[in-house]
Structure formats: structure tokens, C-alpha cells
């Protein structure tokens, strides 16, 4: 089962699990469609080795996924047309028993693992494979999908670079990362961005503008800013909404990239443009490193199962794939620390972090 | 001189002009910095063959560019600090004479060619090389930069495709094209987009939603929409601004991509997301086809000059590079016609154009 | 039916033919497997719109192909185990009648079209879609697959460039092109190769070495050579084989790239390395331009059929897709002429063609 | 100083060292051209921050490199034209003293580090940054350049895949790796290669053919083989040369890829083609991971220097950049062990290693 948002490498995990199970252990494998939704609706079908042939390079997930289905609060409509939220976990358990599933390999993020915990309590063995494009899983040094996102973001930053240089502009590229700035840090360093803003380091707009102007003084008439979507200014909340007294809902004016751009233009007079990369960062064919990593994770999940382990989460520690308690990472996030060596290297080669 | 917005292939033109001039004709070549701005400010320097070595693969322009400089309305500040807009064309003419320039090869769009016309009237021979990433130059079947933009847009659509398929969403990708839909048409067809919206075909939101729902009915639970930024709805202006009585300026809520997404969600209940590609489409290393085309255009410009031609614009007709009057394309735009064979092929393979 | 070697865009043709036939005309479509082999062996199966969904971006051909099957000389083994070559065209005709095929759309090269002519004589309407990665079809200004091959070759040349520059070496990249040098010309110009060798221009090794040494003299301590596999030296056959009196067969020492490298090293003392690109040039996902072109060609083939045309070959003339007699291009090849404008532009920017 | 073969990331190291030295510590930095050759010939020049601007994405090395220069055996020609090999280390020491170099940061492989040891013995502090595209440095879990080589090899394998599938062929791709199979293992797993042959696992040609035939039996009429150039058959040397009694030198017939292809064709009758990737694997713009890693390594080298360390080699242990004795890795190679988890995962998903 795959749950949560798209992430390059999901199919590589599905392939590794299925092929190892069939070729190595002679097991029967079933795919659950669209995350917990398929468990509720009994959309569960056998997976053969052929079904997972040629999917290694494919983005997305052949099983489909669903972001918001929670079997403990599932909308049920009665004959009168009234919808109520009910706990349909027992219905899921019936489906699990019907297909005689010995265990479920759950590929997903925080939310999916919490959902799995519900079934663990009912006696279902769940082995988790973590999926976070933000690379912010506490307990794992890297997760699949991240390298692909880095490649996409860096390629965009490389392209933006020439435009900035030709036009003498500041260009802002807003990348993913709500709570952790791994993607901004890595793609920012990889692209030689002049300023990198992370959620972990609230920015001082004066320092940001100073960095832009400093470059101008040294004859570089452009600046590239790589900004995590979750970045916030020092000592204050980001104002990205406009409140209209006549309008019921606040109006979204754009993310932090837009806010920073407006501020730079106002304070420095330098033309500043923003690009929000959005969904292209999480789709498409995975880079080789993610295909290998996802294969390792899928294989390790099956191995853990066959070694009799229960309710474990596969992680990478250093260069070693291992496993931890399924829920050990719940609610925790691996963030960029201030003494991170890549961050320090970036500072020393002249990158500003806006602080 | 390069003017106007960034476009992959500008450096290839500069290289072809310079190398042909030096190697083939023993001429001296000068580069004018930042478009007309460099002409006003006398930032004009010699270009050697070495200066243009290794720039063929480089995005942007080594000469720099400036979007808005018009020598006939140039801001001049007097000793009292008052700024007035004055015609500084004579100052430009002095600089042209000072460097003994026999002709100017002007690489740019509509605006740049109009600017050049001003100097043509003063007796300067200008050979134009057209630059339009939108590929909408009347009189030329293709212009450089377009193939690169197509590649970038198609790669993004390919990536988005897997996300859409995994999540059963409608995904909208908004690409460049204010008045002409070439980029949306080509990248939409190349990526197998289900719905393509062009400025040339005002869309009927009912038809768009129908197309999305039709796919659902046939078991395809996702749709990809490729939308030109300049697309408009049938019989009405696009409402992209929110007017707040308390706010002096209208508030930009996003482009047509966002508007269509909101409408689809409301009418079909299908989750719809928008990605605006933005500046990544016009920066970065050109694809091989653009490097070849830009080399041909640059070479043809120099050839035209050496054949004694005056005030011509280089264009591609069929598969032949030729030249037309410098201003013959002014104010006209090559748009996608309804009987365009690619458009017809797309319709016949099942693509909806929202009409 | 697809015949002959692999070429990016084959699946895009299959998709366009199938979807147009089904959606637009309500026809039934059948796929013939592995070229004429499938016709002989009756491996012919229905194709639905779903079967061709998601294949637009896929390299290769979902129908399979076979290089060497000729139904007029097909190996048949009798009960005694003796193999004889027989004409099994009638067997093919039976299969065509059995499936009630009204026409065959044949996607392939010269050999495949000659094979089709055999069935034309028997009264089968064949519409040809030309496939040549070498882009050398007489009568068509461009064919699909070529742009992808250009991209792959240019990317390789770009990578090789940095190695050459760092090591002060001459680097030779041998690209496809037995009789026509289109790929070497386009990828050579796109990559800024210093020397381009084509089958159309027999090279003078003295001139080649001179060009390499000239660059050395001007402080460029490396040279990039882009060489068609079919290139030959002036006034002589290429010696690529070594004859050993003790060995029954001549020994292949490598292609022209290797021969030129050995000669340059001997004569100039400059270290020279060769890379033969090989099959990577013809496989993999097509670039957007090839996806669009292949879609147009497939659509045009079906249109021609529905307009009652018979035995036509789809071609591109200028920017217009049209059709010519199926066999009009047989045995003829479109080669690079000496007054080709890209070739002339290349010469004028300083590229040597070894003549 | 950069020595040895090309490797993506060299410029990123040079940039990180130079910018950190100048911005952070106010040092003067000099670049030595073409490895030890520049030290002998006193081609040593100052490097400014501007000199290393915009080189992060550039393949190769702006300092140039030389494969074979050894100052202890340097060819010196006297006035009579006789060349003798002499130790010119003292001349190098003079140049080092003349420029008042406090330390040399030496970027290179095994050979370069041995060369550096010579100067260490003469009292020069050398900090080494390891460079091996084969990723086989004992003591470092990963080195820069490897991820880029993986990407190039995997992209080629992906392209080859579609050709193999369309033609029902076995396709062999020979990748770099003389003594260690890291590249074949990673790109083989990333591309889903059916058979992977490594130097560490001598192959049994019967097992290789069996694997190819097994796939045929299961309806997969093609196989992809990813083969390290250094692979050898079980119990025997590889015969890649042909000895002609009339020829002074043995004749190279091609590498292991060709040998395996010939054997498969002979034994199985299945058409088999080989592609040798060659130099494209080591040139060109580095992938983001290599840009980040090379930046970290360069920064760490300068840090080590400023912390007063002497004669250290920068390495990556787990996820931590650290340093070891400069010569600690000399003559040792990190090879793929049989219990490598990626290798085991590959086996379990059905990959054959020919043993």
C-alpha cells in the first residue's frame, strides 16, 4: 500500500517487495489500491512479477494513493442521504482476513504510519517504508525521492541563473520544504545560489537585501535566491494573506518567495522575480540514486518481515539500511542543524543565509 | 546588441556573427551592452573570437539585455535633481560614429526592432535577428528558443503526469504564450495532454469540465491540462483580480491556470492543482535544434550585411533562411490557425481544446 | 506494423494511427507483431485505445520489430529437418484476409517499404510511414527520430568537450550515418565541434591534422571531432580490417573514428581518443519535436487512407506533411549537399570539414 | 593542483577551496596548471574569487591536468638533442618557494597522491582531495564524480532498454570499473539490468547464457547486461587480443563486453550487441550530489589546513567528512564485497551476477 503524496521511487519499492517475495520466498503478494481507501473499499488485487516489470523507472505509484482517507473517520452515507463519519476499521480488518494477508508493507509518510498504527493495535503486522520528499524523517539519514527533487530543483536553478545574469535581476526560486530546509540547502549549494533561506533560520530582510546589494557592489549585477516554502522572517509571522472585510475567506497572495521578492524590490530597487517550482519536484522518473535506495528499502522491508520482525520502519543510518520501531519517528522531524557541514561550507564560500 | 527578454540561443547568434565576421571577412566586431542602454551610455567594447568561444551552449546573453530602455524617452536628471524624459538618440549616434560602426546587428523582439527603426531613419544600417520565445513572429516559421522552451515545458508535463495518475487529480500546467499558443500546442501534444487551452480558442468551461469528466467515465481518473498564459474564456474577460474597496490596487489572484483550476474543482468536485512554469522556460542551455538555428540566423545576418543588404530581418520560410524588410513583422503576430495540422491531429487523437 | 531498426517516435505513430482510427472513424485496428515476421506467423492482434495509452513517451515499439524477415525468402524446415527458403507471401495474404484488413500502415525504412511493395502487387493497400534515424529519406525534409539522435549525440559531445579541454587531447566522437552525414552535421554544429567529417566529403588526413595543429597554435590545446560512421578518406578506401594469413576471417579493428584517431596521433603527436556512441543514439524516450512529428505522420497516414488514397508514403515537405508514391524514395538517399546552409555557416565560423 | 583523469566535480573543489581561502581566511591562492607538469614548468598563477565564479556546474578542470608527468622521472633534452629522464623535484621545490606556497591542495587519484608524497618528504605540506570516478578509494564511502557517472550510465542503459525490447536482443553495456564494480552495480540496479558482471565476481559463461535463456522461457525476449570493463571469466584470463605472427604488437579486439557478446551469440543463437560507454562517463556537468560533495571536500581540505593539519587526505565515512593520513589509501582499493546489501537486493529481485 502506498499513502500520502507522490514521491519518485514508490514503484521501485513496490517492485523490490514483490519480486523478492515471489522469487526469493515464493510468497503471494497483493496490492492495495489508493492507500487506506482501497483497504476500506476492498480494492485489493494480486501482484505478479510481471505486474511490476518495467516500473522501476516510472514516477508515481501503480497502486495509486490517497491523501486524506482515515478509516477511523470515514464518511458513510445512510439511506436518507445523511453523511456521518464512522470508524470502518472493522470493515478493513474483514478485507485483510478475507485475503489472508499476513502483513502489510505500508509505504508512506507520517500520516500513513499513524494510520497503520491503528491496525497494529488490532494485531496486523505492519512494516513501514518511509516516504518523504522533504527528507525530514527523524532517524533516517536519507529517504528516496529527495535526490530526484534535488535534481529537478537544481536544473531549474541552473536555467534561472542565465536569465538572472542577462537581466541583472534578483531571481527567487521557491522549493519544497515546509518544516525542514534540506531541499533548499542541497539544491541551493548545488546551484551556487547566492542566498539560501531555510525554515530553520528565520531571515532578516535587511541582511537579505544587504547580500543582494553587496553583490552589486562587487560587479555581480544579479543574485539567485533559493528559498524553502516554509521559511519565515525573524521575529514575525509571514503575511501572505490579504484580508478583505467584504470577503469571507482570507485571500492567498502567494508564498514566502513572493513576499521576499516584494520586499527586495521595495528596499533595493532591484527588479526581482519569483518562480514557484511546485509539483514538478515530486513527479517523474527517479534519478538512479533514488531507484537504488528505493530498491534497498523495499528489499529490506521484505527481509525484515521474513526474519519475523514486527511493526518496524525501514531507515538508513549512515550507509546502513536498518529498521526502527514503526512509530519511533512519529511527530518528530529531522531538521537542518546550524552546525551542518554543508551549511557551513556554503557560508564559507560566501553564501548568505539571511541571518 | 541583444534586447528584450532572455531566450536560449542568443549567445549562439552572437558567436556566429562574431566568428563569421572575423574569420571569413576580417571585420572588427563590437558588442553593445544591455541593449539600447549600452548605446546610450557608450558601453560598447570589441569582441574577439576568443570572447565568443565556449558560449554556444550557454543560456542568456553575454552582452546583457535590458527590457525597457527607449533612447527617445530616456530619463535624464538635471543638476537640481529633477528627472525628465528626453530623446537621447543623438548621443547614441555620437557613440555609433565614435566606434565607426558600419551597421548594427540587432537581436531582439518587436520592441527592439521598433527601437532599431529609429536609428534606421537616422541612416544606420540595422540587420535584425528575431527573438521570440513564443514563436509568434509573422513571416518566420520558427524562431530559436522555442524548441528549448518546448523541451522544458514537456519535461515538466511528463513529471506532472505521474503525479496526476497516482492521485486521480486534474493537473494544470500554465506555459508561456500571451497571444499565441504555439508552446502550449507543441508541448501539449508532445506530452499527450488531455486538454490544451490556447489564446486562439477561447474556452468554454462547460466543455473543459465535460472533457475531464469524460475521462473519469472511461476509467482514467486524472487529466492533464496544458494552458497558455494568454488563454481567455469564451465571451468574457478572465477574472484574475480581486477588488477590495479598501485597497487602492486590484489584487492579482493568479493567472488563467488558477482560474480554470478553481472552476474545475467547483463544478466537478475533482481535486485540481496548478503549476506555473515561469522563467525556467526561457533560461538555460539551448537544445541542439536551437543552437543550430541560432547559428544559421547569426550567420545569415552577417551574410546579408556583406551582400550589401540594408535594414533586413532574418527569417525562416519553410526550411530556408532568408530575409524580409526589418519592420515587415512589426505589430503582427503569427498565431495558431484553426486548421493547423498539429492541432487537427491532436483533436483526432482525442485532445480537447475546450471549445 | 513496424519494421527495421529502432527509432524514437515509433510508438507515437502507433498511438496516433490507433486513436485517430478509433475515436475519429470508429475503425477496428490490429497490430502486427515483429514486422513481416508477424504477418507470416499470424501474430496479429486487436489494438484498443487503451493499448496505446501512455506509450507516447516510450522509446522502441510496442509491436516489436524484426530486421531481416523477407516473406519471399522465408526459411521453411521440412519434416526431414532440411531448411529451404520459400516464398510464403500467400500465407501472409491468408492472414490479411482472415483478419479482414482493409489496408496496412507500414512504418519502416527502405527495406520495409520494398517488402510492402510485394503486397501492393498482390492488391493490398499499404500506406507507408518512413522511419530513418539517419534522416536521409529522399523527398522528406525531416523524419522522426532524428531530433532525438541529435540530442543524444550533442549531449555526449558536450560531455566529451570538458574532458578534451582538461587533458589537451583530440577527442573523436563517431556518430551514426552510413551514407548521409545529417547527424554529424547537426550534432557537430550544435556542439561546436572543431572538425566534422561526413560521408559526403571524403577527408584529407593532412587537412584534418592541420586543423588540429592550427588550434594548438592559437592556444586551444584540444580539438573535438564529430565523425559520421560512413566517412571515407579522399582517394581511397578506409582500412579498418587487419588481414592475418593464419586467420580465416579478416579482423575488424574498429570504424573510421579509430582510424582517424590513429592517424592524428601518429602525425601530430597529440593524444587522441575515440568514443563510438552506438545504440544509445536510437533508443529511449523521444524528444518533444519527434513526438509531435511522429504524431503528425501517424495522423496523416490514417487521413490518407480515409481519403481513399492508396500506396502512399507520408513525407514532410518544407513545413507541410503530405504524401508521395510509396516507392518513390526507394533506393534514393537524401544526402548533405555542399551548398547546405548549415554546412556553410559551420565553415564560416571556423569548422573544418577535412577537405 | 588537479592530477590524473577527468572527473565531474573537480571545478567545484577548486571553487570551494579558493572561495573559502579568500573569503573566510583572507589567504592568497595559486593554481598549478596541468598537475605536476605545471609544478615542473613553473606554470603557477594567482586565483581570484572571480576566476572560480561560474565554474561550479562546469565539467573538467579549469587548471588542466596531465596523466603521466612524474617529476622524479622527467624527460630532459640536452643541447645535443639527447633525452634523459631526470629527477627535477628540486626545480619544483624552487617554484614552490618562489611563490611562497605554504601548502599544496592536491586533487587526484592514487598516482597523484604518490607523487605528492615525494614532496611531503621534502617538507611540503600536502592536503589531498581524492578523485576516483570508480568510487574505489579505500577509506571513503563515496567520492565525487561517481554519482554523475551513474547518471550517465543509467541514462544510456535506459535508452538501450527500449531497443533491446523492440528487437528481442541481448544488449551489453560496458561501463567503467577496472578493479571495482561499483559503477556497474549501481547503474545496473538503477536500470533494472537483468545480468550484472563485476570484476569482483568472475563470471561463468554458462550461467550467463542460462540467465539469458531463462528470460526467453518466461516470455521476455530480451536481456540487458551491465558489465564492468574489468570483469573476468571464472578460472581464466579474458582473451581480448589476437596474436598475428606477422605483426609486432598484439591486436586489441575489444573489451570484455565484446567477448561476452560473442560467447552469448554462439551459445544461445540470440543476437547480442555491445555498447562501450567510454569517456562520456567522466565528462560534463556534475549532478547536484557531486557538486555538493565536491564543495564539502574542497571546504574540508581548506579547513584541515587552517586547523594546522598536515599531509591528510579528505574522506567521507558514513555521512561524515573527515580526514586520514595522506597515503593511508595508497595501493588499496575499496571493492564490492559479496555481502553488499545492494548486491543482495539485486540478487533477490532476480538479477544474475553470472556466478
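Things to note:
A, B, C and D label the chains in the order they appear, each numbered from 1.
As a convention for this text, a contact is a pair of C-beta atoms (placed from the backbone, for glycine too) under 8 Å apart; a residue touches a chain by one contact, two chains touch by 3 or more.
All of these numbers come straight from a predicted model, not from anything done at the bench.
Across the assembly, the mean Cα position most removed from that of chain A is the one of C.
In whole angstrom, the spacing between the mean C-alpha positions of chain A and chain D is 33. Distance from the chain A centre to the chain C centre is 42 Å, each centre being the mean of its Cα atoms. Shown for chain C are the residues that touch two or more other chains, namely 158.
Applying the touch criterion to all chain pairs gives A-B, A-D, B-C, C-D. The touching residues of chain B, counted against chain A in their complex, run 2, 5-6, 10, 34, 58-61, 64-67, 152, 155-156, 158-163, 165-168, 171, 242, 244-247, 251, 253, 273-276, 278-280, 282-284. Of all the residues in chain B, the ones that touch chain C in their complex are 15-16, 19-20, 23-24, 49, 53-54, 56-57, 141, 147, 150-151, 154, 158, 186-187, 189-192, 220, 287-289, 291-292, 295-296, 298-300, 302, 318-321, 341-342, 344-346, 348-350.
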